[in-house]
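All chains are identified by letter, namely A, B and C, in their written order; residue positions are counted from 1 within each chain.
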């Protein structure tokens, strides 16, 4: 494929009730098989931007300007039915709370298999075999056992793997991970980030990693966009942004890691920078 | 090592909740003016350790000694007298829940002083002084917790701990709920406190958030201390496999010393050991 | 909290009406133009210039009976609420702090009280302890006290597990200090609501009991009694029940309005601080 798999151009999102613009002129491209990081805190517009790319912008909010292009196709005119065709097949997503996306009263296996039966029109047996393959692909030990378990029997990290398995079930080109590791322990977060890097390498899945933590994004992404109060305040190659941040906000994020984080010990040349 | 006895000495501490063992044989030493990070993930027993130190949890075995006094042998009356002296203070993770919503924050900060029998005027003056110490304006004393931002509330919680001029302050996840700007502000306040000679204990799930201002780090895993060492040694030459995984999992700006394959190998090791 | 109640229109109406009722209770007997107990020959007389509300079947002046009956009716309701408050809220608050045994004992006692049928118990106790307003009101007060026990215990329990109480413990606060400084502010609003509700309910109960002739020796006047005495003679004086009924309804309505006002202010004080609410 040539050209970006996901392209957001000059996106503006407004709240018609108050007339405020929540997102102002956000643009970025995600190349096929690439990894883009979006850094921002709550209120930065990162989640609204992601939801627009998935066609699930919450009710009164509206895109007032700009375009979102998925696999070369403008999504502006898409109906709900059209979005349903795209979601899962071209673009998938995982969010902070994996529990919210699973039905607590159904077994894990049947929920993953359902995605395959509906989306790929697989038969019962083929869907189960494929679901087991997916659970294995997201590095769940003993997929057979997980297949039979209920959501409440799994830890947060395991649930997030299940949600990732369901998100990649229909072989999308892009996966958005919006604060997907925020609620997890650090070692579990690293497991999920490693899994995402693995999937990107093995299947050519393009990633959009959204996080409040610059370091999380730095682990996976070659390009980074920093959002603040609905605007892009900094963008560029990750290395360049980390070494020479331009905007005061980005400098604050880099500075925090260098002064208070592990980087203080890992990168001696930066130790006295703060 | 100085000949002076440590300010806080925890020896062979066991804590049980019913049949489950939360802590087994935990040890922790904090010298005067020293800053120690206690790092552990969900179920590591780190919060239990902190609560046992300040007497909110009664240990099943072992001793806690603060400033030469064996607090684990205290009666209720002795605890109350000891707490009123304000030698050791504790800062809760969530300042919104640890401040009385019906009282102006100044009244909450003044409470330890009023319990010492100091006059209201005396306490008011001390409140004003301590608010400036945590970089807040004195007029904030008349506001209610709901009127403050998350970062301001956390600094109010720190101010309440500082108002008795403690020698030791135990902080449970002091920055994990804050945004970047407020994290940095709180960490700056804590750095000044450390420079002023107050001993600090940081309880955190994330080594990366407090490594920069900790002299030493104690790592807890499944209710037991697995490693204690100076922070630089923990970060650059961790010994225990769990510490290596924890350090290797913490997101950093620079590519860490630990790669994906090593992490996967460490996880396998820990599975077979634990 | 009380100032916040007065800021609400409903609160102001409730307080005005209840103030009037209280004045009636305090000054009523003195204002009575005739003897409320001694009858005359002019039974079932229609309202006239001299007897504004006419006379009842024994020839007693109705206006005088209503005015003289105000204290028994109003203070009866207040007595019910105060007894319920003392018997219910105090143990409810202490059940959180006085240890397991006290907690267990009071909880069982409250369960027992709730299981007792209301009016039957009141009638039985009056039969045992004699027929008097204080006995009757004490009985009713004890019977409604579980509401206060529950409400104050629930509020105190919630606070006692809060982190700000833990923070006070860590500062060396005693139980008494914690109750005074942190718990009372939390317990007061729900107890105030229960108090206003109980006064309303208590007023209905007092009126019902006196209507049935329980709790007050005849011929002592009460509003319930005035209502009852003329019911047999509706053919002669069909308008007779109107005045006592309106008085009872108005008072009960005002108490309920006050309870609503308390509830509204509590919602505002619980979330946003009082100070902020005042600037809006």
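Descriptive notes on the structure:
Everything below uses one rule, namely that contacts are C-beta pairs under 8 Å (C-beta built on N, C-alpha and C of every residue); 3 or more make two chains touch, one makes a residue touch a chain.
Labels paired with UniProt names: A, B = ABC transporter domain-containing protein; C = ABC transporter permease.
Here the structure is a predicted model, which is why all the values come from computation and not from measurement.
Shown here, the protein chains touch in a chain-like sequence that does not close on itself.
Look at the CA centroids: the one farthest from the centroid of chain B belongs to C. Highest C-beta contact pair count among chain pairs: A-B. In this assembly, the C-alpha centroid of chain B lies 51 Å from the C-alpha centroid of chain C.
Per-chain CA centroids place chain A at a distance of 33 Å from chain B. Averaged C-alpha coordinates give centres for chain A and chain C that are 61 Å from one another. Not a single residue in chain B touches at least two other chains. Partner chain C is touched in their complex by these residues of chain B: 54-56, 79-86, 89-90, 92, 94, 97-103, 108, 111-112, 115-116, 143-144, 146-147, 160.
Taken in their complex, chain A has these residues touching chain B: 41-42, 185-191, 193-194, 197-198, 212-216, 218-219, 242, 249, 252-267. Remark: chain B residues 41-42, 179-181, 183-184, 187, 205-213, 231-232, 235-236, 245-254, 256-257, 260, 263-264, 267 touch chain A in the complex. If you check the complex, the residues on chain C that touch chain B are 162-164, 166-174, 177, 181-182, 185-186, 269-273, 275-276.
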